[in-house]
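Across the two complexes that follow, chain A remains constant while its partner is chain B and subsequently chain C.
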Partner chain A sequence: MTDAPATPAPARARALSRWGGVLRDVMSRPSGAIGLTLVVFHVVLAIVSPWIVPYDYRAMDATLMLKGPSALHWLGTDHLGRDVLTRTLMGGREALLITGIATPIAVAWGGLLGIWFGLVGGRADEVLMRVVDAFLSLPWILKMLVLIVTFGTGIEVLIPTLAFFYGIPVIRIARAATHDVVARDFVSAARARGHGRITIIRKELLPNVLDALMVEGAMRWSWMLLAFSSLSFLGFGVSPPTPDWGLMIADARGFMSFAPWGVLGPVIALSSLIIGINLTADALAKALGLDRAQKAPV
Partner chain B sequence: MLRMLLRRLFLGAVTVVIVSVIIFAGVEILPGDACTAFLEREAQGKLLENCREAQGLNRPPFERYLDWAAGAIQGDFGVSANGAKSIAELVGNRLKNSLLLAACALGVGVPLAIVLGVVTGLWRDKGIDLVLSTGAIFAMTIPEFVSATVLILVFSVWLGWLPGIVLTSASAPAAEFFPEILLPVIVLSMVMTAHILRMVRSSVIEVMAGDYVQMATLKGVPYWRIVFVHALPNALLPAINVVALTVAWLLGGVVVVEVVFNYPGLGRMMIDAISDRDLPVVQAIALIVATVYVGVNLTADLLTMVLNPRLRTHYMRQR
Partner chain C sequence: MSAPMIEVRGLSVGFTGRSGATLPVLRDIDLTVAPGESLGLVGESGSGKSTLALAAMGYLKRGLRRLEGSALYRGEDMFAKSRSELEAVRGGKLALIPQNSGQSLTPTLRIGAQLGEALRLHAGLPADRHRARVLELLGQVRLPDPEAIFDRFPHELSGGQQQRAAIAMALAGTPDALLLDEPTTGLDVTTQAHILELLREIAAERGMAMVYVSHDLGAIVRVCDRVAVMYAGEIVLQGSVRQVLKAPAHPYARGLLASIPRLSDPALPVALGGRPPAPGQAGAGCAFVDRCAIAQPRCRTEHPALTPLASGDAVRCHFPAEAQTLPIAGQGTASDDARGEAPVLTLDDLSISYSRPGLLDRLMGRAAAVPTVDDVALTVRRGETLGLVGESGSGKSTILKTVAGLLGAAGGEIRFEDTPLPGVVEQRRPDQLRRIQLVFQNPDDSLNPRQTVAEILEQPLKLYFGLSGQALLDRSTEILERVRLGAHYLDRLPGQLSGGEKQRVAIARAFAAQPDLVLCDEVTSALDVSVQAAVLDLLDELQRTQGTTYVFVSHDLAVVRALSDRVAVLYQGRLCEVGPSDKVYGLPSHPYTEVLLGAVLEPDPDVAPRLTADDVVELSPPARGCAFQRRCPRKLGAVCETDTPPWHMGAGGHAVRCHIDLADLAAAQAPAQDAVKKA
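Right after this comes the complex of A and B.
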């Protein structure tokens, strides 16, 4: 262990170089390299796709309905004569935007609440855990659909809904991770120095729980994407004509027997993104020394 | 031991009560009620009043909650908002079908997952482990509607081996669901197998690295005896909890699979009820699924405790 830093600047630099080391570790593993490449590719694509797609994603053409792949339309056209390649390239934008905003919110509120009650404990903690259990025992799709059917499928409904429900399991993880740290000497030392709870959380607990939260965040992100695309697939997500993989698969499924190109594009795109996130999360967990194989579907 | 058991039962009951409050309060807080949903545009003035009167919606929420909860305990969930049919009757068949699907998926998934999990754990980082572990990541991360779509495309549309859609009615006897049930079972057991496999694998690796396994090796106990007699009983214990979570997931989370295959289970009924805003049905299904979830997890916890001598004595000393 090196000496405590005298000024905050070296501490920050050290933290940065630590994450640099983690990044290098992740990239040195085959799963991490493949996963991170896929994720970065999808994020970049989502940002630049409006400028590189060959057609307008809304442009319908009745003469081109359900045409197979050709030189003009590499992935064919859908039942309204729209270019499948264009819609596949742009189909992840909504999903990435919504889950990209909702995931950090979920991890932040769930994480902070979990750390706080892990530190404080007592009656309130008991009650909170029962409420968390109760929420977890309800199927996710029921909880979300009830809100979405009531308030609509707009982005301003989907983000808070996802952020709220996906933050609840994070409370548990953060609380458990806090319990591992709270009994250690440096927390007792901080207490003995007379630090308040806020300071202890900020200086002692947060840095130690952050690893677990990062991995949890990556996992939540992939589950949230899964939930979001399942909702679109069921017709409760983004509304047409916005291109979205879940919605595209739902639309093209009916014509699958004679026009299978409609499902293949979005199937490959969605799968590769979710697998990319999972491989990255796996490599990140290994790089940080946390094993996530014991996670179960919740 | 008995005190521990009672404490667990009590906590489980508390959780179910909290769930029921959340379900009831949730429906209460949301705008609209069973009557506005049922009457739709005509929901105003006298008609609305009469409907609320008939459904007993004019009474204070607390009173209605007690009524609802008391009925639910006796298996009486009232009548649905539109058809005025008994919910217990409507849900009964669907629950039976969902249980059939879950039982088939578990019957395929659990044994397969345990065998493959032990294999990957024992041959860690060898070829077979890399193949199976990578496959598991694919199987558990790809959304169910995607794998279902691909499987229908391959086995139903291209090869024509299996029916890609369930046409049997909800009240048909279990035997009539074959062979239509096969594809949904394959989709579900794929995800399940992947989760349990990963769990069993890491558990096997952990146990095989333990001191007592090393001790047995040094004593000259044959490898297969170590694996089957010393290591596996301990390694498979944590799998009970994962299987429990999977059962709960099967009953509630398979909505998408049921929709894709048109399977008449609880999940599809839930979607329909939510879209129709048939709130009494939504409440009933939510409560049933949550109770099953709590019950199955409780059973798994107790089973783990009974089967694990270390935990057993730990709790006994504590008390």
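Right after this comes the complex of A and C.
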């Protein structure tokens, strides 16, 4: 061969270039472009909002209780006379921080456990899956409330709790994806060569299961945001006066009949973020070829 | 000649590539098929043959569009018809039989109901006559017991029976034109031969026009009158079957013929190097120029037109007379290598069972199921190739998996050199693992799509030899060059390689371990015939230079003949015949070997298959007696059902397991063989 022996591109650089391509693909789809824009907007907002909001989120003004939108208060004021716009802009910070840490933890532990049992199989796998099924059959809010009532609220309880509960469905997805890969000949080839299980997981399974885990992670993130907001709504999430969408909706819903602007801001903010994540997950699944209905034209 | 039934005029079809350019898939196609005539379309994968057949009924896959030309059926342009007009014709008078009929039948509808549906749509029969007509159709496709088949679901039928049901469905609308897209690919040899005979008979009875798409010239020759050879979206040669197969005037057709392994010839086929241009990549000249042995400067600049020849065929080549000098039969070297006597692998009374008796079975004292593979004793000597042949379900791949340690044996012993080999990989020593390597059937499945070629080769090199850094890179490059790929392949992913290149990487990975024994599981069956020849040639070269021992599993008897020194024939997991290739392929044979050999389709209009047994698929081997008793054309009687047949030893280590002894078998088989020779 005439070509000079090319040094193979380092695996890391190649993986990055692949994800670069996936990102371009996601952005080229309408759902991906809209979804990712919404998500990035919310994340950036959560980081910079303390510096751009017009008022102090704690500043109460008894003269301005439940006033409608005006030039000074674009989204009106709440029952304590606080600026709704300020609180809406800052209301996603806690939610994004907590779910942003809990989601990767959930995907990591659920994913690894699922891959391990998907590869090993046998009786342990059967028992684990029945436990997972039993667990998933209970209403999530009940399970979560039990833990929160036992250990209290606060970020140090909420993150492990959410990470634990949302890791369980990931076990299932990872196990199913692993089963598809384990049945393929390249895994048999690795077994026949005599590779250990850890090498097989690292080299053969993980790179092929990662796509499914990424999409699953995005879906889990949106579910977790909903769960967190529900907990806040019930009074188990963040404590006042910290602004939070779930808490704001809970506070404002009593006045909804005559001061609807109180719920409007947080509802739009929360749903746009969740819709954004779902649209991104959808486009990501298509870009990664996990969407079976999607076929190449030729 | 009457008016053509199907006519394609100047048809070009293409799609828009990523760059925005229009890339042609079919280029300027002209063909006609008259009533009662059958035309074969042959070519490598990607040549556009299936696209052409579908375009003939006005259908294009998503993303494709017609660039120019027309596809006429009974003089009417199918591309000009409205959706409802097309629906009235398609499936009725113009019917398609697809490759995988198991997938084209609705799994939740009984066969009778599916055919009734086709009748309702296309035949306009009153509903009370449907049943009678369906039974008649099932009979016409020679399905045994139509009454029983009527009430079955598709999954309750064998592959061959499903294909017959699909043919019956296509016949429901009494079509006058039939398009067949690889209708027998993926079926067993005997089933394939039976289906082809059926198609031949149906075509003759009904005077239909047929377009038969296949990569297999052996199948084309059985059913077609004329053949069109396709290359890179063009018809490069068109003529009578006899003319195209015996004296083709195009270099590509000659190369294709030479790359087909033949049952009658123990030599390796000659590979056709290179690969066809991708859509839009063919230059201004002839599309075949880069692979052509007789290419001239003119071939690069001037596109040849399809020119009629005096012999009645038409060829797209500037130098048809020169092309006639190229060889069309394998003139490769016979696979003949120095072999030692020392056994590398010994299977002793091996039995393998998929179903293990459950706790309940044991408590109830129920007998364990009959093992899938039983009583297999084989010896493979150093440096030789043992071919393992049989139909699907014969247990040949199961035996390989057991030798590789991926599947435990139920009984018996596997010895590697002189030491017993533990059953599963986890118990084997690293040294034993290294020295036995496995190459799988489908490289798409055996190469991790997320690993580059470098990472794939690194697995065995790191594991067995602890190589790293520059030493690893040097060794990987060396191995790639040995399989005739270069260092520039190292950073490619399997998705960026062609089928043949992928299989070479898979072979390179096996040879990276410096094995003594390589187990090849149908390694060429997922490849095009020209690529297959190159892979066989590579395997042969590696064996000669490395002294490697092969166990080569295939359902293709001609491929096995080309590569193997000795052959073992399996039926239902039981050995029927073992011996040197020339003995097994000669007389006398075990009756099953005789059936298999008779069903092989040779790409030769003068050799017809001999069908001596039904293509019934058996799901489990009989508990007693001979494994082949139910299908055997030479069955003696009760003794075959009760007693395990004895081994009869012939000359040169030839052994046949049958109740009939060798002399009687030879006497019974000789007349049939003579008849073939005379014909």
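The definition used in the following text is that the second predicted complex is superposed on the first by the 282 of 298 C-alpha atoms of A that agree within 3 Å, B and C clash if a C-alpha of one lies under 4 Å from a C-alpha of the other, contacts with A are read in each partner's own complex, and residues count from 1 in each chain.
Everything that follows uses one rule, which is that a residue touches a chain if its C-beta (ideal position, glycine included) is under 8 Å from a C-beta of that chain, and two chains touch if they have at least 3 such contacts.
None of these values were measured; they are calculated from a predicted model.
Novice: By residue count, which of the two partners contacts chain A more extensively, chain B or chain C?
Specialist: B
Novice: Is A:Ala269 touching anything from chain B or chain C once the two structures are fitted on A? First, second, both or neither.
Specialist: Neither partner.
Novice: Figure out whether A:Trp140 sits in contact with chain B (first) or chain C (second), or with both, or with neither.
Specialist: First partner only.
Novice: Using the touch definition from the top, say if A:Met224 reaches chain B (first), chain C (second), both or neither.
Specialist: Touch status of A:Met224: no partner.
Novice: I'd like to know which partner A:Ser188 touches here: chain B for first, chain C for second, both or neither.
Specialist: After superposition on chain A, A:Ser188 lies in contact with chain C alone.
Novice: Touch check for A:Glu204: first (chain B), second (chain C), both, or neither?
Specialist: second
Novice: Applying the touch criterion given at the start, work out whether A:Leu279 contacts chain B, chain C, both or neither, answering first, second, both or neither.
Specialist: First partner only.
Novice: Name the residues of chain A shared by its contacts with chain B and its contacts with chain C.
Specialist: Comparing the two interfaces on chain A, one with chain B and one with chain C, the shared residues are 296-298.
Novice: Can you list the residues on chain A that touch chain C in the complex?
Specialist: 1, 3-9, 11, 14, 184-186, 188-195, 203-204, 207-208, 295-298
Novice: Residue numbers of chain A touching chain B in their complex, please.
Specialist: Against chain B, chain A makes touches at 130-131, 133-142, 145-147, 149-150, 222, 226, 229-230, 233-234, 246, 249-250, 253, 256-257, 260, 263, 267, 270-271, 274-275, 277-279, 282, 291, 293-294, 296-298.
Novice: Show which residues of chain B lie in contact with chain A when the two form their complex.
Specialist: 11, 14-15, 18-19, 22-23, 26-27, 30-32, 137-138, 140-146, 149-150, 152-153, 157, 191, 195, 198-199, 201-203, 238, 241-242, 245-246, 248-249, 252-253, 255-256, 259, 267, 270-271, 274-275, 277, 282, 285-286, 289-290, 293-294
Novice: Write out the stretch or stretches of chain C touching chain A in their complex.
Specialist: By the definition above, chain C touches chain A via 15, 25, 61-64, 401, 404-406, 425, 428, 430, 433-434, 437-438, 440-442, 445-452, 454-455, 459-460, 463, 473, 477, 481, 486-488, 490-491, 509, 513.
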